[in-house]
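Each chain carries a letter (A, B, C, D, E and F) given by its place in the written order, and its residues are counted from 1.
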């Protein structure tokens, strides 16, 4: 059986009806355990103090922000190449979730920056490129909601997603370049080599799993809603013609 | 009039052209400024009040052409002109709805964006005050410009051109209040002047705008 | 294609929507900046290259919705899509006409406005070079955004929202070239990157834009 | 029960509160729209069935 | 006694006089149909009477405030539902309930539908239903039956009939047959003589 | 031998199938008039044939490149003169002189006039004159005689006649009588059965 059969709306609805509760419960479990573990039962970092606890929401949301866009890109390509409606609607469903993830990463980062860097916001390349990603999400969602015809909207947003991805990468390099010449204190940059100790590592993994599962749950539910909305639209169009 | 405002708000929410887009534009302009000027936070924080005021003004500007043009195109404006409410009231209601969908959200969002530009902390409060006092004037002047250009197809650029010079006094006093607020200087005079400009604009321009509308409907 | 460019130029000149308005908007934005930021010349001259780039970008933005919308509304776009010229050619011609009526005049006018902002003398030359290299990309990206939003009534604000994030790389490299030029720093790398971005955009985006147009004409 | 967050209590709690709030809003909106669409679809189905019969 | 009276009216469009010396009177219960080829000036006349543009000369009695104008465009907001559209206008004109208007133009079934999802004929019906909510005695309609099918034209005719019975009057510009008898005023009779532009003053007539 | 042939075509508008199983062939010299009530799908069919939207199924032979499409909108630029408008299109289609087109639609006197100062009928004539400049054998026209007076309709008929004599063909959607005999294709025959949207897949048909 080919994977593409799940792109059939009826089959998709039938399958996901069974899957959604499972994923929802799993994600709630992972999130609860991971966050509670992280929040209550991990020691403070010797340098960052208790702020290190923010890592359990900051890092997972930052990862999901990027992964959501990647998923939308793949779904858009599938729609443009194979014309599977479910994938176009899944891209549409993922966008607001991705936008909220980006927002969470930005907000937690900003809150974290206040004690660590002494400022809410610095035009650090990583932060800046996240802000740009947020703008792309906004534009994508706005374009979806501005066009009435669902197929045309799917086509145009897919084109935007692809072109936007290229420009998002380009912006990343541009931003990196732009901030290079500036005497930004080393303390401002996040050191990727800095190892996270095991005490922080396992709850972090759980939290990440929780965010991934939460994303999957939300996207599935929203895709189901979009499919229903699409059928509603079709019924209304038929009624208008009759 | 209350009905007209409510209807315009409903339209703005439904059509998705209201709150969201203006705010996003504001956000983008503020984000673009450091790209153009460089990421040096000390420079940015010095010019932050002015940049925020300019950004608010520009996002206000971009939504002006919706004030009357949509109603003109579908004939609603003709019908409103024949209705038993004065055209001045229509203008005020329209400007009011525009302010509620643009000026008010911008005012509320400005402090958040102030964070991005490292606006000094005492500046936040005065930024909000100056925007709250100044944006009604922006909407009213904008409604006047929109009334002047309502019959022109794709008149957006012309509208911006007409309106921008009219925005100068508001911008000067508003940005001055915000800047002095950020630097903890005395700001009584510009504040009074800003309030004066807004008061005068709101009191007088509805008549001019209604006149312009009447001429354009002929 | 040559014909299409000539026709668009003729239309821009006749309808008065072309050169004049974009330039005036540029002028006004640049004039407003000192009002918003305060008249301190040393501050202004430091940020002058960035302000000029931002102003050019915004005036470019405001004229984008004219690229396809007028032709869409009066049916010309339908007819062009049926004509024996590829839609990609139409897009290139349109972007080209937009650049000739907007980017080129802005580039030429920028040094004059640089005087208003006390742009350091060595900056003039590099400002012009960076704008000349960067504005074609602005027009082409703008044409892509206009193609995406051509069917949407009063889509101007949405168009800005879609296009501005796409402008980020061009703006960063362009403003960097202008700034380094003004400060007599080495600018080979950003100049090469700016040229690269423009080249890639002009080479690839016509296809995406033509695709978007085809979808919108359905 | 509550761990000692030291001088960063506001920071950490603020970050968690903001996150949970945003996630809650997202989940609620998702749920509300799902419910609204499902209800409207059921109405439309009923109407369509009636039209076919009548 | 005339409900509405026009004396020696001339009106211009785009600066050029189009009609001259128009005069007529409407009694309660009377319908006057305006006819004339394209460009004769029917729309211009109706807009002048509705007070949307000032007449060059002449008098309109008692004035535009007794007139309810319905133009080429319907003034319908696509994003609002049928009901919201009508409620808005009922509020503006201060006339209470919209139930009668919904009834008269068979819009009950469509009341919750967004106006942009209506077909052209349904949209036109919505535009006509608005006339009932103005509560004004004289209806001035520009091509009211465009894009209406026969059943809808009959709905319009009966709504108009009730309006006339209630002491109202109507002024209707149209090219097509309305399906009921009515007095006709040929607008081309009043066509402004293209006065030769004499000297420089003539250009400013 | 058919100049243009359509087999088993279905087309959709706004995602909803409108016509199904459309098939016909046009021989040189043949005119086919498309009829059908408002919303039957005439415009949709013409746009599909012109290649502006892809058909759902079916074949169009030899393809859109033999068709010259003239839609509801004239594609006339108000700021340009009549002559400039026509010269532009002649350039796009690579067909030489515009003299013949000016002659055929009596536009000689108007050649220097800006198109925005034309009356609706004159503007329509300008739009039709464009067809002569495409040099394509099959004209696909949507309501070509709207707002034309009798004399202009005759001009159109004779231009069309010459086009047919030269081996061309035409496909004309219209509600009104064209004033000359022609074969009729009733589009409503092909109306897509409003398939009950069964199950979720139906929504994506």
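Rule of thumb we're sticking to: a contact is a pair of C-beta atoms (placed from the backbone, for glycine too) under 8 Å apart; a residue touches a chain by one contact, two chains touch by 3 or more.
The model shown is predicted, which means the values in this text are computed figures rather than measured ones.
Steps from chain C to chain F, taking the shortest chain of touch contacts, total 1. Of all chains in the assembly, those touching chain A and also chain C are B, F. Relative to chain C, the chain whose mean Cα position lies farthest away is E.
Of all chains, the one whose Cα centroid sits at the greatest distance from that of chain A is E. Centre-to-centre, using mean CA coordinates, chain B is 37 Å away from chain E. Distance from the chain E centre to the chain F centre is 34 Å, each centre being the mean of its Cα atoms.
Centroids of chain C and chain D (each the mean of its C-alpha atoms) stand 41 Å apart. Residues of chain A found to touch two or more other chains are 132, 135, 138-139, 142, 146, 178, 228, 231, 235-236, 238, 242. Within chain D, residues 48 each touch two or more of the remaining chains. Multi-chain contact residues, meaning those touching two or more other chains, occur in chain C at positions 73, 158, 161, 164-165, 168, 172, 218.
Residues 17, 21-22, 24-25, 28-29, 32-33, 35-38, 43, 46-47, 50-51, 53-54, 57-58, 62-63, 65-66, 69-70, 73, 153-154, 156-158, 160-161, 164-165, 167-168, 171-172, 175, 179 of chain C are the ones touching chain B in the complex. Across the complex, chain E is touched by residues 3-4, 7, 10-11, 14-15, 73-76, 78-85, 217-218 of chain B.
The part of chain F that touches chain A in the complex is made up of residues 14-16, 18, 39, 194, 196-197, 199-205. Considering their complex, residues 144, 148-149, 151-152, 155, 158, 161-162, 164-166, 168-169, 172-173, 176, 189-190, 193, 197, 205, 208, 211-212, 215-216, 218 of chain C touch chain A.
Chain D meets chain A in the complex at residues 1, 3-9, 11-12, 14-16, 18-19, 22-23, 25-27, 29-31, 33-34, 37-38, 40-41, 44-45, 47-48, 51.
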